[in-house]
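The chains carry the letters A, B, C and D, assigned in the order they are written, with residues numbered from 1 in each.
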Amino acid sequence: MEYTANKEVIAKRIARIFKDGDVVNLGIGLPTLVGNYVPAGVTIVLQSENGFLGLGPAPAPGREDPALVNAGGGFVTIQPGGAFFDSAMSFAIIRGGHVDATVLGVLEVDQKGNLANYKIPGKMVPGMGGAMDLTVGAKIVVAATEHFDKSGASKLLRACKLPLTAAGQVDFVCTDVGFFEVRNGTFVLKEYFKPYTVDYILEKTDADIVVDKDCREVDLG
Amino acid sequence: MEYTANKEVIAKRIARIFKDGDVVNLGIGLPTLVGNYVPAGVTIVLQSENGFLGLGPAPAPGREDPALVNAGGGFVTIQPGGAFFDSAMSFAIIRGGHVDATVLGVLEVDQKGNLANYKIPGKMVPGMGGAMDLTVGAKIVVAATEHFDKSGASKLLRACKLPLTAAGQVDFVCTDVGFFEVRNGTFVLKEYFKPYTVDYILEKTDADIVVDKDCREVDLG
Amino acid sequence: MVAKPIIAAEKAVELIKEGDTVMVGGFLGCGSPPALIDALEQQGTKNLTLVCNDTAFLNFKTGACTHVAKLVAKKQFRKIVVSHIGTNQETQRQMNEGETEVVLVPQGTLAERIRAAGAGLAGVLTPTGVGTEVQEGKQVLDVDGRKFLLEKALPGNVALLKAKKADKAGNLVYDKAARNFNPLMAMACETVIVEADEIVEIGQLDPEIVVTPSVLVHYLVRSKKQG
Amino acid sequence: MVAKPIIAAEKAVELIKEGDTVMVGGFLGCGSPPALIDALEQQGTKNLTLVCNDTAFLNFKTGACTHVAKLVAKKQFRKIVVSHIGTNQETQRQMNEGETEVVLVPQGTLAERIRAAGAGLAGVLTPTGVGTEVQEGKQVLDVDGRKFLLEKALPGNVALLKAKKADKAGNLVYDKAARNFNPLMAMACETVIVEADEIVEIGQLDPEIVVTPSVLVHYLVRSKKQG
């Protein structure tokens, strides 16, 4: 079996986590894609940590407003019923447990729920931005990542080596091969995505994985 | 010489402390009177700790708005250029040093700058309301009090006996007999008000008083 | 955006259970929710903890009894956490006679403690109360040579708030000085119930002027003003 | 109400002295004051400490250099306190080569530290950063069985802010997501300078929608938009 990175699969699966009315903060990059796959009948409210609730899609060309951008600086819109606020209120909402779920990108994630995504010492140091507050504050923290890096190494680890963004805060990890819960210091495989198999995942992942008794194959094609 | 309580004298003298543009919080009761005597040419901006800036005088009869009251629950107005805010912002303004002066009522005040005005144990316990934050936060704290209580006892003391509202925060004490600065653990008499004399004040006040070298008589009649 | 349930005041206060900590917005009653208070009095739930700026007005001579003072008079609280009780003789009586535990908190500290709970902070370091009775039993920290009290976050179970206008999503704006503690309590409670004078459609409140964002509000109640 | 001086950007930045801590509003430049930044670049004051959400955009390949990145490029800072530098390659270079001290602060912690300074608090207890490098050198407090970092207040000397509209007294409203850190920095600095797209007479801003009250603002500067 050959691995093919597939961001769409990750976004599709994560989008199914949400309940109608959930308040969600999506990190920049891969997590942003999740917004495109929310099932019909489910409305989620997107929080943008730069200071508003009700983040909407990109505006039509020519309708960009330099004062209406997401946390990555990209032009967006605001939904009816949205609200603007300052950074203290924005993070009060995040840290105070008023956000139901956050989806964050990954450099490394480990079976203890540790996440590293803000710093490769001496090399790349973007900074944590709002990620440390999001991981501590959101009720559900979902790590979204391709299962392997470009060299083929597992992004799911026994223990992160990079500086942590958060210690023990990740609840779920969704890759393009499967969906994992973090429980009692191990990854619990809940779903494996077609065409991958349980054996493939256990063999190729550099971490302890328990296969859930209800683990099942899911086709996100 | 006989003592006659005179709130007007206290209010008149305190009103002369302010510079044009000062932001001032006046406590309920006697301190509120100060607002009536601000000299021509000096504009002060009144902060109301229940949540606005630009407190104006009582409305004309029939124009009362139940949502526009001062911290004592009395009907007021708001000046052009005022602003409403919540209690956290109100006390951020107070505690954060953004208020130039506060004038507070007194049960006891002592020569170390201690103020007691919120509690007579077992008897009267109104609570401190905003007074503890005001004394700690305002740049200048003025204690406004009649010089003697109804039994004739000095309200200025060597050491407060009642539970303190603030420890060592009072800068000036203005009574109806004189104007005092609190400096190095003593009262410094800066002005004595006609018809009282320095000797009268030194004799009748139950505290250490240093007479300022520039101490002078003032007529506030 | 998702609409929040609009329910009757009587239904709303059923969410309050014996033993709960109830936060009530308002400052001497200005900004308190009258219909919700009346419904809670009617329901009669006891052993509550009240968090409020004050206990409003209750005067033995005049018989005046307003806002949360109605609940104090009915002895629905086992504990009262406020900054001021000077306008409520019954609160003072209950305190002096040991019938009710009354905790007096400096008003700015009360605001920050409520906000901290809503903001996921364990507490703040304030200079307010250093060297006074307020300091008793609290951790005193020295920061850069000055003393501060560690004042802990104060969360609640249910908030009873008053807004001037809400949209159906739960965005709120307030009326002048009636704002006071309402926006802070909206952050700090598991269940936030708002009595609004006017409830408009989603999209009819300018997102720039919203004071309390919808995410903090769970139930809306029409005030009697609205009919 | 008292009017605040309306001055030119060039005059305003004369209030900034070598060694000062300067706070600049904005988030990736959205809500940063362009005229004030240009004037400070022109003035060339060095050894400053920057407090900002981020260092905006500077890309070696494309040559893009926006907002506070202009001041970073001119090496006007000896210390940079921000939550994010991922969009500014020059900040990363200066940090990696040890030319400039860069302190990375979680964004919510940065907001609370600035707010604390403005609110007269010595600091806050936050769970953010526990068990990470952010914890290093900080006091860890146990509150009710959970660990929190004591994050200290972060005050500044001068704030350079951007508002959509100001009245002459200094009341401010902002433009959508350009609000971000501006209202917090207005609380936390000795001198607060605001570049406003529009300056109206006192009384022309509704007191209900003011975000930053006049008392926090010291100088107004007309943005170039206003002409």
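Here, a contact is a pair of C-beta atoms (placed from the backbone, for glycine too) under 8 Å apart; a residue touches a chain by one contact, two chains touch by 3 or more.
Not measured: the values here are computed from a predicted model.
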**Request:** Kindly list the shared contact partners of chain A and chain D, in label order.
**Result:** C
**Fill in**
By C-beta contact count, B-C versus B-D, the higher one is B-C
**Request:** Look at all chain centres (mean of CA atoms) and spot the one farthest from the centre of chain C.
**Result:** A
**Request:** Round to the nearest whole Å and give the separation of the Cα centres of chain B and chain D.
**Result:** 36
**Prompt:** Any idea how many Å lie between the Cα centroids of chain B and chain C?
**Reply:** 29
**Complete:** For the pair chain C and chain D, the C-alpha centroid-to-centroid distance in angstrom is 33
**Asked** So, what's the distance in Å between the C-alpha centres of chain B and chain A?
**Response** 56
**Asked** Mind pulling the chain D residues that touch 2 or more other chains?
**Response** 112, 115, 119-121, 126-127, 174, 176, 207-208
**Asked** Which residues does chain A have that touch at least 2 chains other than itself?
**Response** 52, 78, 84-85, 88, 91, 94-95, 136-137
**Message:** Edges wherever two chains touch, nodes for the chains themselves; is that graph a line, a ring, a star, complete, or other here?
**Reply:** other
**Request:** Could you please write down every pair of chains that are in touch?
**Result:** A-C, A-D, B-C, B-D, C-D
**Asked** Which of the residues in chain B end up touching chain D in this complex?
**Response** 20-21, 23, 43, 45, 47, 52-54, 78-85, 88-89, 91-99, 136-137
**Asked** Inside the complex, what are the residues of chain B that reach chain C?
**Response** 48-52, 65-69, 71-73, 78, 84-88, 90-91, 94-95, 118-119, 122, 124-133, 136-137, 163-168
**Complete:** Listed in rising order, the residues of chain D that touch chain C in the complex are 112, 116, 119-127, 141, 143-144, 146, 148, 150, 152, 173-174, 176, 207-209
**Item:** Complex interface listing, chain C residues touching chain B
**Value:** 27-31, 53-54, 57, 82-87, 92, 95-96, 104, 106-112, 115, 126-134, 164, 174-184, 211
**Request:** Sort out for me which residues of chain D touch chain B in the complex.
**Result:** 1-2, 115, 117-121, 167-169, 171, 187, 202-203, 205, 207-208, 210, 213-216
